[in-house]
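Shared between the two complexes below is chain A, which has chain B as its partner in the first and chain C in the second.
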Partner chain A sequence: MSVSTTAVGKRYPPTVYAVGREKIREYAMAVGETNPLHHDVEAARAAGYADLVAPPMFCVVYCAPALGPGLFDPEVGIDFARMVHGGQQFRWGPLVVAGDEITTAVSVTSISEDGGRRYFVFESVSTNQAGDTVCVGTWTNIVRGA
Partner chain B sequence: MSETDFTPGAALPELKVTPDRFLTVRYAGASGDFNPIHIDEEFAKQVGLPGRILHGLWTMAQVARAQTEAAGGPHALKALEVQFRGMGVPEAEVTVTSTVREVSAGIASVDTVAEQNGAAIIRNATAELAVG
Partner chain C sequence: MSDLDVTTPPVTRTQIVRFAGAAGDFNPMHHDEPFAQAAGQDSVFAMGQLTAAILGDAVAAWLGRDRLAGYGVRFKAKVLPGDDLVLTGAPVDGEPGRYELQAAKADGGEVVLTGWATTRA
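After this line comes the complex of A and B, so read on.
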């Protein structure tokens, strides 16, 4: 049975994530980031930032609420029991700091099948309150052959 | 600015980190990814895994950290692309190695890989670092 591609191009409602200091600290601790920019407000300000700086990979935190609807969309049709995270790409703009409000919009980029594997690719575009694009993500999920 | 050598062929400093037994629980809380294959030993075994496995995005964060530490801060990391292969596990050392491929217009393209127990768990990864 070939994979349905009717969901390609589909867009999901944008989500807004308010970036908090303690969430940045919690995330930085979990991934082993020791740079004071992620922990010490005074150090961040001394370096010219408005507040604590989020590590670039913090994008997974502010993108997560926007990704759920696509991953669980029956029209996309991902079989979670067989899904693995195949690949990931991020391109970053200005750094995100505590106090930012990040809007993320997700769309289905492609759905394809190759050698019994199904590839589901989503794109996320995240912008801050000033309208700067802070992160564009390409999320590739692979569903192993049924 | 960092003192790292960003000429083509140069190796960036290696990053070594051993995720402790409860790392996946802390990362689940920090990231919001509570998939039980990462935090529930019995569930992981029921679905055919050797036990709880690392979050791929945690491992990607280690690859990112190796780049930002080499380049002098988070501002330098402009892009990162990875492929996940195999699976990482807690309580075993992860090593990130990185080699500069080329430098053009102040951007270093870096080939990088994360290995554990002798196998790549992230491969074909490329970072773009502002080094100008």
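After this line comes the complex of A and C, so read on.
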């Protein structure tokens, strides 16, 4: 059975994520990140930031609520039991800091099949409250064919 | 600038659980041992996002948090509790501002992530 591509181009409702200081600390602690920019407000301010700086992959946290509806969309049709692996790419703009409100919109970029594997690719675009694009993410999920 | 070459402390179940809370990833495959074993796994294993974040933080420390402009990873293998990782990175010849990256198990050398990073001009 060939993979359905009817969902390509589909867009999901944007989500808004309020970046909290303690959430940045909690995330940095979980990853083992010790850079004071992520823990010490005074150090972050001394470095020229308004508040604690989010670690690079904190983008996964503020993108996750926007990605869920696409990942679980029956029209996209990802079979999680057959998911093998995937990849992610990010381009970052201005750094995200505590207090930011990040709006993320997700769309289906491509769905394809090659060599018995199905590739489901999503794009996320995240902007801060000033309208700056802080992160463009490409999320590839690879699933074994049925 | 010298190349990136860092060995992390072993990933622990506690770290995986801590990351589950921090990142909101409550897939039981990553924290519920009986669930993971019933699904055919040897044990719970780290989220790919955790491994990608560990490498990403090391890269940010290496290249500078404010200079890191792009980052991409491909997930290659599972990271299990007890695995410590060797994180490496080096400039790509002929492509200024672009670096190739890898995370591999310290024991045995299995590659768990490959990736790249770019810096702002």
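What we mean here is this: the second predicted complex is superposed on the first by the 144 of 146 C-alpha atoms of A that agree within 3 Å, B and C clash if a C-alpha of one lies under 4 Å from a C-alpha of the other, contacts with A are read in each partner's own complex, and residues count from 1 in each chain.
Here is the rule we go by: contacts are C-beta pairs under 8 Å (C-beta built on N, C-alpha and C of every residue); 3 or more make two chains touch, one makes a residue touch a chain.
Just so it is clear, the structure is predicted and the values come from calculations on it, not from any experiment.
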Margin query: Following the superposition defined at the top, how do chain B and chain C come out on chain A, clash or fit?
Written below: clash
Margin query: I'd like to know which partner A:33 touches here: chain B for first, chain C for second, both or neither.
Written below: both
Next item on the list: Would you check which partner chain A:85 touches, where first means chain B only, second means chain C only, and both and neither mean what they say?
Entry: both
Check: Once the shared chain is lined up, is A:71 touching chain B (first), chain C (second), both, or neither of them?
Finding: neither
Check: So, does A:95 touch the first partner chain B, the second partner chain C, both, or neither?
Finding: both
Notebook entry, point to check: Given the touch rule stated above, what does A:56 touch, chain B (first), chain C (second), both, or neither?
Noted result: both
Notebook entry, point to check: Of the residues on chain A, which ones does chain B touch that chain C also touches?
Noted result: 23, 26-27, 29-33, 35, 37, 53, 55-57, 60-61, 64, 85-92, 95, 138
Check: Quick one: in the complex, what on chain A touches chain B?
Finding: 23, 26-27, 29-33, 35, 37-38, 53-57, 60-61, 64, 81, 84-92, 95, 138
Next item on the list: State the interface residues of chain C toward chain A in the complex, per the touch definition above.
Entry: 8-9, 15, 18-19, 21-25, 48-50, 52-54, 56-57, 59-61, 65-66, 68-76
Item checked: Sites on chain B touched by chain A in the complex -> 17, 23, 26-27, 29-33, 47, 56-58, 60-62, 64-65, 68-69, 73-75, 77-84
Checklist line | Partner chain C, residues of chain A touching it in the complex | finding: 23, 26-27, 29-33, 35, 37, 53, 55-57, 60-61, 64, 85-92, 95, 138
